[in-house]
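Chain IDs A, B, C, D and E follow the sequence of writing; residue 1 opens each chain.
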Amino acid sequence: MIITATTIAIVIAMAIALVRAYLGPTTYDRILAVNLFGTITVLFISMFGFMTGRPDFLDIALVYALINFIATIAVLKFFEYGDLSPGRTPEQERDI
Amino acid sequence: MTIEIFIDILLLFMLLLTALFIQRMKNLFSAVILTGIFSLLSASLFLTMDAVDVSFTEASVGAGIATLLFLGTLAQTSSTESRPQRLPVMALVVVSLTGLMLIYGISDIPSFGDPGNPVQTYLSPRFIEVSPREIGIPNMVTSVLASYRGYDTLGEVTVIFTACVGVLLMLGRGRKRS
Amino acid sequence: MEHHLILRVIAKLMIPLILVFALYVQFHGEYSPGGGFQAGVIFAAGFILYGLIYGLDKVRQVISPVTIRITAALGVLLYAGVGIAGLLLGGQFLEYNVLASDPVHGQHLGILLIELGVGTTVASVMIMFFYVFARP
Amino acid sequence: MNILAELLAYACLVSGAFFVIVGAIGVIRMPEFYTRLHAASVTETLGSILVIAGLVLLAGFSLVSVKLLMVLLFILFTSCTAVHALAKAAIHGGLMPETDDDD
Amino acid sequence: MKMNHEISLGLSLLTLWLLLSGLYTALLVSLGLASVVLVVYLANRMDVVDREGHPFHLKLMSIFGYWAWLLKEIVLANLDVSRRILHPDLPISPSIVRIQCTQPDDLGKVIYANSITLTPGTVSLEVDERGIEVHALSKEAAETLKKGEMDRRVTEMSTL
């Protein structure tokens, strides 16, 4: 019962974060909302695994917890350099 | 189990809203950011429908590489949507017709989890009954993907490899400086 | 990249963890959700994180584009090779039962090898995509 | 299961859900980007700590608990890195924080 | 010296594998060993195995002591920020302060900056040799940080 209620509360928090993602106004606000959404999703997945009695869902939560911040760092790089490769040199123009 | 259906509906509703938001965004950069939310939501939805392996794939692809590829593409093109030259009436007609046909097609598809579905009446029971003895691994999705349908998976890997070759042919050479 | 102190240090901590987790997913596809495809993407994500923070040149020193091309092909070849091995051992293409004396063991071995092939190809292709798309 | 541990777990879950929602509300209510960062970190720190702690108490002493603790640890590590990276990107992108004073 | 870091990294990664796996058959454990060897080799090529990447020089006990203290701080700061969020008037007074950090090495600075970010109410914006630039939600949060107790504790932990 309480597990279910908590899960629903977490889904509601997702919806609230979605509002900020839509409202913006700046791109950074949207990224912040996506980040928050990711964290809440990790919590949702863990809770849902418990609710349905399948704790092997935790691997998915681990994936998100481990690699969800890569996108944010990519955005940082994008703003700093205009592309994804810091410290570019003419050498990189060669064949890949 | 009604509570799970309730959560399902909430998630699906949010997914729909996100898709509409993405469609409305003129700034492509914001649209790319919002696809992150779309991916997170679809992973959760797959999870609530018990498709753990699909959800896992969506999680790893969505969090790991999808946003990056979008950003890389934006870096090479422009990040605002260009306005169409004229109203694309023809395209609208084609899309609407296709959509109507698809909706008509849905009416014939067995509903989700329907026990009378042909797949559920002979194929799944056979896998569930025989695969522990024939293959002997706990995750049945893997035994279906890797063994019973090994040809399919070989085809998929070849597709990925071909995509790599294609990308290399198009973008792999050093670009000329303008 | 001296001014990205925090990112540099956290990346050093996280990258080995991400890589080990990817390999865990790779080899536990038979027991829990996951498998070659997911593992390949996560493995590539580790390299992408390194490339984002330390630069494309550095990550190209770790795995050169030529190596990536070779491993991408090797993965597909490993998969197809398992199929051919089944043929040579008297079975059909991609029949794993004949790979070992016991059919169930043969299935285990076959699945392990083809998942490894899938993982290798996917990881290489994703890293290659990063190399191609991250250039100006 | 020990009834006390169970009660404690439920208390953790309920208060965790409360802080998760408070953080989300803060992200809506706060007036500008840099103040929203603080609200988001309420969800990412105390919210997740309490929710995961509740689940750990329910799971008892097992490998599931270890995985849950790993999830928590990685959330804490990566979320603060992501928040820092985001704030830095915003400063770099020319979004100036509003402050009450000019010192 | 580098050898030590490699061995220690390998051991901790192997522990991670065993905890994740939960299945201790000969095949899986040997695959785990092979994976760990591969990852250590790659990490070595990436040059991420060093004092910063794998900080086993910190005293284990002092880390746990610090975490306990940090947890207490996080809870207090969370309560404060939650009160401000739910208050109808939204009583915030954002400010940017630059604070000194006395850590001798980069790792200490990173721990300090991340602790600042983890505590709601304060976010570290920029870390350089002159100190850490912090965005604070309220005057009180900035004042607490300026007192420097966190700084002292991190420095204590990161110097042997």
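Following the convention adopted for this analysis, a residue touches a chain if its C-beta (ideal position, glycine included) is under 8 Å from a C-beta of that chain, and two chains touch if they have at least 3 such contacts.
None of the values given here were measured: they were computed from a predicted structure.
Between chain B and chain E, the least number of touching-chain steps is 2. The chains in contact with chain A as well as with chain B are C.
Compared with chain B, the chain whose C-alpha mean position is the greatest distance off is E. Central chain assignment: A. Criterion: smallest distance from chain C-alpha mean to the mean of all protein C-alpha atoms.
With centres set at the average Cα position, the gap from chain A to chain C is 23 Å. Separating the centre of chain D from that of chain E, both taken as means of CA atoms, is a distance of 15 Å. One finds 30 Å separating the Cα centroids of chain C and chain E. Contact with two or more other chains is made by residues 23, 25, 37, 67, 70, 74, 77-78, 81, 83-85, 88 of chain D. Of all residues in chain C, those touching 2 or more other chains are 6-7, 10, 13-14, 17, 21, 25, 31-34, 38, 42, 45, 48, 128, 130, 132-136, listed in ascending order.
Among all residues of chain B, those that touch two or more other chains are 52, 55-56, 59-60, 63-64, 68, 72, 75-76, 168, 172, 175. By the definition of touch given earlier, these chain pairs are in contact: A-B, A-C, A-D, B-C, C-D, C-E, D-E. Note for the complex: chain B touches chain A at residues 3-4, 6-7, 10-11, 14, 17-18, 21, 27, 29-30, 33-34, 36-37, 40-41, 43-44, 47-48, 52, 55-56, 59-60, 63-64, 67-68, 71-72, 74-76, 168, 172-175, 177.
Taken in their complex, chain D has these residues touching chain E: 19, 22-23, 25-26, 29-31, 34-35, 37-39, 41-42, 45-46, 49, 63, 66-67, 70, 76-77, 80-81, 83-84, 87-88, 91, 97-101, 103. Residue ranges on chain C touching chain E, taken from their complex, read 3, 5-6, 8-13, 15-17, 19-21, 23-24, 26-28, 31, 50, 54, 58-59, 61-62.
Residues of chain A touching chain B in their complex: 4, 7-8, 11, 14-15, 18, 21-22, 24, 27, 30-31, 33-34, 37-38, 41, 44-45, 48, 51-52, 54, 56-57, 59-60, 63-64, 67-68, 70-71, 74-75, 78, 82-84, 92-96. Residue ranges of chain A in contact with chain C, taken from their complex: 56, 59-60, 62-63, 66-67, 70, 73-74, 76-77, 82-89, 91-93, 96.
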